[in-house]
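Shared chain: chain A. Partners: chain B in the first complex, chain C in the second.
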Partner chain A sequence: MANLLYTLSLQRRSFVGDFHPLSILSVVGGVVVIVFSTLNTWVYFGLLVFLLAVMVVDRIPLKQAGKMVLVILPLCFFITMIQILAQSRDPFYAVEILGKTITFSSYGLELGLRISARVFLLALPLSLFFMIVSPMRLTRALSDAGIPFKYAYLFTLGLRFLPLVLDEITTINNAQKSRGYDIDQSNFVVKVIKIIPLMIPLILSLLKRAETIALAMDLQGFNAYEKRTFYVQLDERPIDRIVRWSSLFTALGFVAWAIFIQP
Partner chain B sequence: MEDKKKYTIPLSKMSVKAWPGRTDTQGLVSALMLSLAMIGMLQFGERLDTLFFGGLFPVSGRVIAFTMVGLGTALFGGVGGFIISEINPLIATATGTSPIAPFWLITNGIQVIAMLISGAITKDVISWKNTILYAILASLFVVLLYIPLHVFYFKLPWSKLIPMYSFQTAVSIPATAIFVRGLLSAVRKSGFISE
Partner chain C sequence: MPIIEFQQVTFQYQRMSDPVLKDVSFAIEEGEFVAIFGDAKSTLCLCISGAIPHLIHGRLEGNIYVAGVHTQRSRIAELATIVGMVLQDPENQLFNLTVEADVAFGLENLCIPREEMDERIGKALETVRMTEFRSRISSEISGGQKQRVAIAAILARRPSIFVLDEPTRELDPMGNKEVFEVLTRLKQEGRTIVIVDNNPEFVAPLATKILYVDRARVHVFENPRTFFESIRQSPIRIPQVVDVYFRVREKNPSLAGDFIPLTVEEGVHVFGEKKYHRS
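And then the complex of A and B:
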């Protein structure tokens, strides 16, 4: 997934992706603030339509949203169950277990579903941000914002090396299997304990590999000069300023509405 | 016989201070690699957490995160620790692996502070005293951060969740202390520690 994300974001140019990364980040921040400020169904519906429209305009496959639903499904199930059992308002069913009455609340069910929508609406824009914004453009934007390049570049570097590390885990796992230590045959609980013999060789081999990578980077002048030049150019257009200010005012407006007007 | 030498943060270059620790290219890349190793390891742990509680009360994921962040902070100092703790949630958010990944930016970050505090108190990182103190501090800090998440984000009645917090803490303290101590010993024996 990380590999795909990285390759896609390097290659594609899009309407939304051409905005300054910090402008897109301000929109994401605005959405997060709005989602946190209310549990109103209509507001959530509006945000969903907005995010889906962004996906359509930017030609991001809608199945990505479907994948997101699958990821959050277990979490939403547990949240809803806890709300149904923990809330006492509007009980719709009661059962006696070991002398203790357990009630099922319809208010809890409704609240659980609303919070599930909140979880989805918080996860979706954050994922969309990384799908839309190229890691190199993000690095440049962070560097322009004053973050030293050697730190701003780490996320891009992480995305680039993640597939390599996952391959390393598979290799170590196969090596351990050939010695008769097969964690894939274990159940879920035992598997967590059994990853320790994978951890030590993985960490040691990655630390050794880091020495080589760091040396190669230093030899190519990484962080050699205080002020560096960039191949990636970022243009801050007037519309970027409009987007940032609109995000800020919309978010503040919703917070004020949630505090003072919302019933 | 056990070496009586005192080991201080950052273990990979003990001549520098714990904060900021190592900020040279090798320190940064090594910290990044540990962060990626943490992502790989979490694949195993998160499945179990998702199966039991939908990821709402992570246990195995928490132990792995405590272990890797603690190890990284001990090896590379504060900045290295923050790299390990912050790259993981960013990549988890980007790849959409967990809906609560952005919150890990805070919960992972606090573990770095826990290791820096325990290292400063005990003044010997590769010791049971340090790893136990780190595990206790990290567990305490993270539970204190999870309560607002559960109350404001998920609207959960936190007072009814105390047994869950207790269970998480009861598992994470001994497991983290043992794993961090074991990994630090392995790293020391492999020669990644220097004056």
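And then the complex of A and C:
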């Protein structure tokens, strides 16, 4: 999934992507604050329209977002079912199982759907963020904001090597299968136990790789000097400041509304 | 002044009981293409690049100079501008998400001004024939291409010396060929190259000097042909054409002659005009 998200940001320039990464991050932060401050359906609808508009303006394929939706759909279903069964207000259906009455609550259904919408509206802007903002621009932005480069760079480094880690897991799994140690042919509990012996070669291999990567980075002068130059250029435009302040005030406004005005 | 000089160098890794290099002395001149065979090859490479003793610890005695700079007394950042090292696995040398960013990485670390970076990146990618891949995602290119990008990342820094430690080990034959094409070009440009590689077919025709490490001692051969002659009884793999030459010479010395061919073309020249009669 990470591979899918960031590759889009690397393959093209976009209108929204040209904003300073911290401006885009401030908008995402604002959306997150608003989502947490209320469960109002109309607010959520408005946020959804806003995020869909961003996708249209930035020409992000709906298919990409659709894949993210598929990932969180089971979670949303689970959340909704829990609320339907856990809430007792306004039951719309009841069933007797082993002498106990289980009620299905319409209030629980509504609450479950709102919480699921909250989960969706948290996941969507974060996913869009990584589809729009190139990790290298984000690294530069974080470094300019005062975060030491070696920490700001961790994210890019992680994304670069995540596909390799996944390949390594597949290779180890296949190697063990060829020796008759097949975890795929087991039930869930046995699978969890059987994974442990696979972790040992994986961890050893990752440690060895980390050592070599560290050597290669040092040989290229990584962290040799306190300051460094950057190939990626970031321009802070007046509109970036407008976006950041707007996000801040909008988020604060919603928090105030939620505390003092919202019924 | 030689561009690389070892003066009575002895090195022992921290957890080992015996030194892997003992009283090693040799000199490499600018523009030479030096191949290393035998034991402790990677150790020699790490000593030249300064990784030993700055990054890999052990007991190091003697003096190592690269372009007149004493490696033990200099910072690794300074040595990175003089020596560029390519490691075995290209996956572990590309840390960024695009080819362009990977080539720029070393320049950023060494505080090269932004205005200079574009030109250096362009030239480096052109030398390794990877210009059209400039915007590509690093994880999506082949092994041979990745290794070429790793070489480009070094080229951009403009070091005086290139050290390559088994650069083709993880590559398929096509990747091998791509890397050695680049090295041939670099040799023609007069770069100083030190290489460890298990493909003697590719290395032998390019080498102007051989360093053979045997039981912690380094033997210097100014000519690959004398080197292969001297290691005939050892388990070191020799180019197939050299092997054929030795076998023919054993059976019929007059057919083989004195000239040891290092390439198929030279082999054809040695054997091609001779008539072979079955009795």
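Just so it is clear, the second predicted complex is superposed on the first by the 256 of 263 C-alpha atoms of A that agree within 3 Å, B and C clash if a C-alpha of one lies under 4 Å from a C-alpha of the other, contacts with A are read in each partner's own complex, and residues count from 1 in each chain.
The working rule: a residue touches a chain if its C-beta (ideal position, glycine included) is under 8 Å from a C-beta of that chain, and two chains touch if they have at least 3 such contacts.
Please read all numbers here as calculations on a predicted model, not as lab measurements.
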Fit or clash between chain C and chain B when superposed on chain A: fit
Which superposed partner A:F120 touches (first chain B, second chain C, both, neither): first
Contacts of A:W42 with chain B and chain C, given as first, second, both or neither: neither
Touching partner for A:N223 - first (chain B), second (chain C), both, neither: both
Chain B versus chain C as contact partner of A:L159, first or second or both or neither: both
Partner chain(s) touched by A:Q233 [first = chain B, second = chain C, both, neither]: second
In the superposition, chain B vs chain C on chain A residues touched: B
Which of chain B and chain C A:R209 touches, first, second, both or neither: both
Partner chain in contact with A:F260 - chain B first, chain C second, else both or neither: neither
Shortest CA-CA distance in Å separating chain B from chain C in the superposed model: 9
Intersection of chain A interface sets (partners chain B, chain C): 157, 159, 209, 213, 215, 217-218, 222-223
Chain B partner contacts - residues on chain A that touch it in the complex: 1-2, 5, 36, 64, 67-68, 71-72, 74-79, 82-83, 86-87, 111, 115, 118-120, 122-123, 126-127, 130-131, 150-151, 154-155, 157-159, 161-162, 165-166, 168-169, 183, 188-189, 191-192, 195-196, 198-200, 202-204, 206-207, 209-211, 213-215, 217-218, 222-223
Chain A - residues contacting chain C, complex: 3, 6-7, 10-11, 134-136, 156-157, 159-160, 163-164, 209, 212-213, 215-225, 227-233
Chain A partner contacts - residues on chain C that touch it in the complex: 49, 51, 54-56, 75-77, 80-81, 85, 87, 89, 91-98, 100-101, 104-114, 117, 121, 137-139, 153, 157
Interfacial residue positions of chain B with respect to chain A in the complex: 23-26, 28-30, 32-37, 39-41, 44-45, 47-48, 50-51, 53-56, 60, 63-64, 67, 71, 83, 87, 90-91, 93-102, 152-157, 160, 179, 182-183, 186-187, 190, 192
